[in-house]
Structure formats: structure tokens, C-alpha cells
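Single-structure report; data block below.
We just call them A, B, C and D in the order they show up, numbering each chain from 1.
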């Protein structure tokens, strides 16, 4: 096979865009800075370098922590808390998809409500869920789980439905029992779909966790965010959090991709084949 | 047409009696897919079910394979009901598409039915290696389906169907998606395998030449409603073994013509 | 322009009317009648400021707005206000001309130059709700009626230790500020010290400006509660008609129970070491805001071991910071925590909607809410 | 009988009946407060449906006023954001090699939580207008716009570039210009993708409008000013007015559902003659 050198390479495209974005940001910051009407430019749009400098700021902004330490600790709290809700949501979503695929009655009952969950502004319900459960940890899990639930179950169900009739007939002809059919055919087929759901759900679970953080002074990115907005820490904590939150969201997305690469046999094979082609 | 009153003999592998199949269309009307089908397939016989789209030939095959249940009539496969035949793994099935699992190697694909039947690992390996040898794919055992050509994939499908060593091989237009060259090669392969294994083969096709070249007996089905319009014995005109040169014989072409005419008679 | 003038005149007239009304109302109180002249002049000044800042009065809303609404109504304006963020940027940028501030927090940020501060120094002045007669009681200690009934000793012990903490904190504000800072405060130490001083003033001064003796910290003044309740009845808009009816018929009895604090004050003054038999030893408290010197009494009580002394088990994590979107009232009502710190008005709205909460100690004896304005702006509108 | 059970009509009836039955059961459990004992909560926090309905009835004008305040920026943000997102996708699809990277960058905006976006845009809009209502609307609409733009540009880019096999070759064989190929092939091909994007955007736009109201300047405190549904939900919850909070939530849900249903109807009309993929 003739080797084609792709131009521009992917890394170049990505870096050009990132640089472009940074330039745009800096231009905006420049405008904000030089607008005489604006007294506190760092509250509206600080320079990117100012934000990055604040990462290395050694001045304490709370009793014991520098801004970066505050954000780092909050990040850890948010990720771990979101993780639990995410796991619950994905298990529930997967189980429901399984039940819906196994039973027509379950499918008929659940499907409209699944649609409804997607349309209802769950995040707006966060305070009321907190009031209902009375525990911030539980409500965080509930909200993260509900947000995770829909994309996972909808995609997994689509994965089950994507199994071709012939494949199912094949298993039927081999007199394979239902668990065997699921294990050998249905699950492997739906793995990519399942992960598509996870990739949508993971950043949502984190958004949910951050929002719930703001509901009570219990740590986490959202809590630090609202504290910095309430002038209890330097405003750069806020900007660091904006960046950290975006980074955590993107990280969660790529983490799902990485896990898929490890777990999914198909991904593994495709990777192997790609390597084979090159070699 | 053969006498339907004739009792089922020991050498009859598949017997279809008075089978009708009706299903309901989306608009609520009944559609007759098959009416009053009578057919018997002897042990080791290569039978082609031939007909245009919509004649119910695949439906008939699905009834034999227990994928569909006839609204009327009786079906006996390997001396038992289709369901028992399926549960006892009396037949292997090959579809129009290879239906391989992308995430399994060629060898593991062939081993799939054996895994389901809970064979031991060594036995599985031995059997699948043998089957891959039969379809000339020994060198590709560790490849993945997406690395193989369409013809090779279909051969894997055949190997898989034969892995459980069934008495019957059901094939649903197995070569219709392949190009002409591959198809001809697979014709030789399937004839070779059939000679070697003495399986009873039910072969659904819409290609007259293919049916004539491969089979002992052609069951011509006509549509609206699906019914048997002729059963033609091929061996009388075209003796075994069949070789590619036969395709240019006058006898071959006359038989093709005869089969085609049996449609036009309807 | 003409309309604005007309409103100004109206405002002045209303102010005058209100002033005379309050004069009549307070006639029983000799100390206030003596200062009525001063208060009248203060009110005419306020009237001018309110007129100049029409449409640019800010408050955070979310249950903190009633005093401001009462003030607006007092001077004849619509009760709407600009929703103020939890910073003073709006004030800084002149978007909000009369901005709400708590004396112990936002006002310090506006005046001082430390981290997060706006460094206005003495170039700003305030309208005090206490002086305007629209003050409502704020920070107080509460629990559910059910809890108080079932665990009277626990409540008494908790109030005892907390008030002991407050007394110590008010006497030693510097140390109290340091203690708060240690317990995870997120504001600068300088601001913490400022907060401690100002909070102490609210604990030790009542609505009419009289000093509260340290032996009477936490006592509940029926008249002050009545004033708070009356203002709530006027300005609290409840969409649910059942709740609105309940509010209409509410009396001070539905709000507080002063038996605990009375016993506690007696015990504190007796100089004996009391012994309690708390029914529930592990208790927790939900604060109204982020952890800082506004709640120094509890942190001091924790740090000095006052809770342990009375046989209660209160850990660091049992003092739960607030500042979120679910009220302390809900947290206490659904049993997440045992005690809470909230404003009396918040408890009133919670009880109107069907909760059963009861105030057990009034920590802040006067309102800490002020409207802050820039002197320069005031001068340009004819107020010095 | 068996035939009837398998018939289309019966299937349709059952797919309506089962969920309705389920809904009725939940409703009854809720109304009779059995749900409360299951969830271990009280009617203070979780009022029964009839109570919520009566509160809605009592405050319908106020609710509608707040609904309007939330709906306007939602729709503006949705429309402008989707249009911009599509424009971005079109530009990216012209320069496919470079554009893909830009789309990846835009998709990263999706990962920025609404909670962080809202205060930024609130600050940015401080100088947009002297009128606080207009300013708040602009800030809300911007938040909604950002999120809708992201999802639209990602999907539309796929719609504009992932074409049926051989279709570009076919257009080339007709010597069709880039512009004609765009109008005749890429544009129609992207229509289903637009709807995919909108299915994501519509719920997100409602949610982001509600959540951003938590952080956005407004004027409130009297009957004449409506700060919006999200703000009212937060306000009523903090004041423990849970039946009122639920009435605002119900209206917010209704907004989300209505927009989605409208979208579905629109989609089914627009894509009526397309083959299912």
C-alpha cells in the first residue's frame, strides 16, 4: 500500500486551533482591560497568563492553601463524588436497557418516561432533591445518576437493537440459552454503544456534581466556585475552576474512551489491525 | 410431484407435509406466504429451493430451521420436530451474509457453536482446525473477519455451520452477495465438502445455473402465493461428479431452460 | 423629571408621616422620644437618598429582602430591588447605588483594603435598619419543636455551651477570629478579625442601640420578635394560600420558646458548673453562611471544649457550613442536622409552609443589615 | 384472539396503556402519600399533586410572567446558537482538514459546566444595557447560545461531511461546482443531523436558562417584576415554600416537554419522506 502523508497532521491542526483560541481570549482580555467603564477587568475576562500565573501563586488564599491547592483539592472531591453517582447511574441505565430488551412490557412502560427524564430540567431540580433526601452526598449521587441514566440506557438499548436478526437467528439455531446469547453476542455488540452513552454521561455527571457542590458548603469545585464568587477567596480561584471544570469534563470524556479501548475487544482488534497495517 | 401419502421412510431426512404459512401485514390483511407445500429430502441429498424474490423459499427454509412456525401442516426434520432438531443440533445454517462476530478471530468464530455446546477447549481447537482445513482457511485461523474477503468470510460461515457435524446443512442464498469468480470457486468448494461429508443440503437460491450445477433435485417455487410449481431431478440429465466444464454442455443449458420454463408455465 | 419630583415630595411626606407615627408609637419609651428630633433629621436624609437611588437599591433576595422592602415601602416606593450578587461589584460600579451589606461582612469588604476588599475607607456611609425602625431579628439558634420536646436537656446543654462560646468570643474577638480562621474559614485573617468585632457588636447591642449585658446574651426579646413577625406579615409574599393564611395567624408563640435560654442565662450567672443529662449526645449544627466569624461562638465553644464540658459530642464536621441553595430550615426540619442558625424571618416562612421549628436563643440582638452608599454620590444629591 | 393481540392496533393501544397505567399508579401513590412513606419524606417538601395544582391555579398570572422571562432567552439562545453552530459547521466543512480541529475545540465548550459559564456571561453583559432585565436576558441567552452552538456545530459538521458513499463522485461526474454540491448534497444530507443536534439542544437550553438564572442579575421583589422560573425555584426553596417551588418546577418541566414535543412534530414533518437510517 502506498503510504500517504496526511497534511496537515492532526497535532498541528489541534495546536493551531488552541493557539487561535488563546489569541482570541487574549484579544478579548485586552479589550476588557482597556475599557475605561470596566473597573475590575479580572472579574470579567482576565488575561490567560494571569490565570496560569495564579496556578503558581504561592500566597495563601485560605488558612492553609494557595489558590491552586484549593482547586486541586476541590477537583479531587468533585471527581470522586461524581464517580459514585456515575457508577450508580450507569449500572441502573444498563440494567434498565437490559430489562427493556428482555421484556416488551418493561420497554413499553419505561420508554416514554425515559424520554421524559431527558426533557425534564433535572439540574433545576437539584435543590429540591437535596431537600427531599436531606443529604448532599445522596442527592449528588441521585442527580448524577439520573443524568447518567438516560444516555447510558438509551445507547445501550440501541446497541441491543443493533444486533442483526441473522446473528440472533444463529444463536437461536445453536439452541443457545438467553444468558449465553447475551454473553456471547448481545454484550459484545453493545459495548461501543454503551461507551457512547458513557462519553455523553461522564461530563454531565461532573456538571451535576459541581452544581450540587454549590448547594451547600461541603467542598468540591462548585463550593469553591461559589465561595470565590462570594469574595471569600481570590477571583482567580474562580477562573482556575472554570479551567479545571472544563479540564475535568474533557478528561472524563477521554477517560471513557481509554477505558473503552481497554475493555472493548473490537477496539483492541482494530488497534491491532491498524498497527499491523503500518508495520 | 411425489406422492404425499407415501410413508416416511428411514432414508428421508426432511419431510414437509401440507405446510401453509400466513402472516398478518401491517395493514391488517392476511398474506399467504406459502400454501400447501409438500416436499421430501432424502439423506445425503443436495436440494435447491429455487424461485424469485417473494416466493417464500427463505420462509420455507426458516420453517425447517425452526425460525418460523407454519400456520398449517407438518414438518419433520431428522425424524423429529424442527424444534427438537434445533435443540439436538441436527443442522447447521449458513446465511446470505457471513454473520461473523467481529470481535472473534476466524478460529474462535468457528468454535462459537462448540462453546455453546460446552465442548472442551482442546476438542474445540481440534475440531475448528479441521473445519478450517476443510474450507482451506488454515492459514487465516488467527485473523479477524474484517481482514478477510467476502468469499473467505462466507467460507468461515460454512466451516462454522459444519463444526457441530450436523446431518443437515441449510444454506440461505449463501453466495448471492459474492462476485462471479468467487462464487464459482465456492461452488467447487461446496461440492467438494458435500462429497466428503455426505451432508443433506437444502440450498436456497434465485440463480438457476447455480441450482442446476450444484443440486440433485430442484424445487421450483412460485410466488403469490408461494407454492411448489415443479420438482426437477437434475442427476438424470447431469450426472455426478460435476465439473466446471459441464456448464457449457448442451444438456446443462437445456436443463436450465427447462427450469426457466417451469416458471413460465405458471 | 416632574414625576420624579412629585415622588420625592411624596417620599418626604411619607417620611414625615412615618416619623410622627413612630413618635406616637414610641411615646411610652422615654429614651427614644429624646432622640426623636435626631431621628427625624436622619429620616429626611434617608428619604433624600432613597429618592436619589430609586430603582438602584440592591439586595440578595432569597429571604434577605424584607427589611429592605419595608424601608422602600416606608418611603413610598415599590418593593422591588435589584438582585445583588454575593459580592459588592455592583456597588463598586455604581450599578447599585444603595447596596445591601451586612455590617460584619460586606461592609468590611467595601471599606477595607485587604484581599477581596474595595478600599472605600470612610468615603462610604450607611442607612441602618435599626435606626429606620424596619429592623428584623437575624442570626438565632433553632431546632424542631419535636426535637426540643424530646431532648430538652440536649437543647439546654447546647445552648449553654454555645452562649458560653459567644460570651468568650465577644470578650476576646481577636482570639475568636483566629479560632474561626483555623476551622477552615475561607476569608482572609484581617477580614476575619473585622467580622469578629462587628459580630460582637450585634450580640451586645439591641435594636434601640442599648448595650446588652454579657449575662443576657442570647435572650429573646418578645417585642423585637413581634416587630420581625409584623414586618414578615407585611412583606412576605407566599404563593401558597394555605401558607399565607398560616402566616397571617401566626403569633410570637409559634416562633420561639425562651425557657431554654432563660435557664441557661440563670445557670451562666450562677457561677456553678452545671451538669446536664443530654438525651442525644451527638449533635450537629448547620450555619447560615460560609464558615467565618459570624458564627464564632460555636467555633469557640468547639475549640475551648465547652460542648464536651456539657456532655455533648460535637466534632469539627458537625458544624456544617451553609451558603448554599437549601435553607438551614429545611436541613433542620428533615433531620439532616439537629440545630441551625438562621434569621427569624426564615424560620417564620418555614413554619408558615408547614414546618415545625422553634427558636431557642437569639444570638444577634439587632439587625446587621445596612444599605451602604458612597458619600460622594450622596453629596451630589444634596446629602452630606 | 391471538390475531388481535398481534395486530398493530393492539400494539399501539398497549404502548399507550402501559405507561399511562404506570403514571397513574405513581400519581395515586403520590396523592395518597404512600410515596412519602416510601421515600421517608413529608408533604412539606413533597406536596401532593392536587396541592401543587391548586398553587398553580392560584398564581397562574405570576407563573406565566416568569415562564415568559425564561422562555424568551431560551428560544433566542436556541435559535441564534443553533444558527451560529450551523454556520461554524459550514465553514469547517469547507476547510475540512482544518475545520475538524475547530469542531473538536468547540465540542470542548460542552464540557464547561453551566454553573461556571453563567457568572462569566453575567459579568460580560454588565455593560450591555442599563436596563437590568435586558441585561439578564442577554446573559441568559448567551449561556444558552454557547451550549446550543457547541452541539449544533458538532452534529452539523458530521451531517455536512459524512455523505452517502459515492455521492461526491456522482456530483463530480456532473461537473457540479462546490456551491451546487453544497446546496444539492451536503445541505440536505445534514438535515437529519440538525434534528439530532436539536434533540440535545432543546433540553439543554431549558436547563441552562434555568440554572443561569441562579447567577444572573435581575430585578425582583414585587408583583410587577418577574425574575424567571429558575430564580423563583431557588427563591421559593430557600424560603421553604416547597409547594410554590414545585409549581415553578412543574411549569419548567412543561416548558421543556412542550419544546421537545414541538421539535418532534417538526422533525417528523421535515423527515417524513426520508428513509430510516
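We take it that contacts are C-beta pairs under 8 Å (C-beta built on N, C-alpha and C of every residue); 3 or more make two chains touch, one makes a residue touch a chain.
All values reported here derive from a predicted model rather than from experimental measurement.
S.K.: If you average the CA coordinates per chain, which chain's centre is most distant from that of chain C?
M.R.: B
S.K.: Which two chains are joined by the greatest number of C-beta pairs in contact?
M.R.: Counting C-beta pairs in contact for each chain pair, the top pair is A-D.
S.K.: Which integer distance in Å separates the CA centroid of chain A from that of chain B?
M.R.: Between these chains, centre-to-centre, one finds 50 Å.
S.K.: So how far apart, in whole Å, are chain B and chain D when each is placed at the average of its C-alpha atoms?
M.R.: A distance of 52 Å separates the two centres.
S.K.: From the C-alpha centre of chain A to that of chain D, how far is it in Å?
M.R.: Chain centres of chain A and chain D, defined by C-alpha means, are spaced 19 Å apart.
S.K.: In whole angstrom, how far does the Cα centroid of chain A sit from the Cα centroid of chain C?
M.R.: Centre separation, chain A to chain C: 41 Å.
S.K.: Scan chain C for residues touching two or more other chains and write them down.
M.R.: Within chain C, the residues that touch at least two other chains are 85, 89, 93, 325-326, 330, 334.
S.K.: Where does chain B touch two or more other chains at once, residue-wise?
M.R.: Chain B, residues with two or more chain partners: not present.
S.K.: If you look at chain D, which of its residues touch at least two other chains?
M.R.: Touching at least two other chains: 41, 45, 123, 126, 214-215, 234, 237, 242.
S.K.: Which part of chain B faces chain A closely enough to touch in the complex?
M.R.: 65-67, 86-87, 89, 91-93, 95-97, 99, 101-103, 112-113, 115-117, 144, 146-147, 164
S.K.: Can you list the chain D residues touching chain A in their complex?
M.R.: 14-15, 18-19, 21-23, 39, 41, 45-46, 97-98, 100-102, 104-105, 108-116, 119-120, 123-124, 126-127, 202-203, 206-207, 210-211, 214-215, 229-230, 233-234, 237, 242, 245-246, 249, 252-253, 256-257, 260
S.K.: Within the complex, which stretch of chain C touches chain D?
M.R.: 59, 61-63, 65, 68-69, 78-83, 85, 89-90, 93, 95, 236-243, 325-327, 329-330, 333-334, 346, 349-350, 353-355
S.K.: Which bits of chain D are touching chain C when the two form their complex?
M.R.: 41-45, 51, 54-55, 58-59, 62, 122-123, 126, 132, 214-215, 217-225, 227, 231, 234-244, 247
S.K.: What part of chain A is in contact with chain D in the complex they form?
M.R.: It comes out as residues 7-8, 10, 13-14, 16-18, 21, 35, 37-38, 43-45, 105, 108-113, 115-116, 118-125, 127-128, 131-132, 203, 206-207, 210-211, 214, 222, 225, 229, 238, 241-242, 245-246, 248-250, 252-253.
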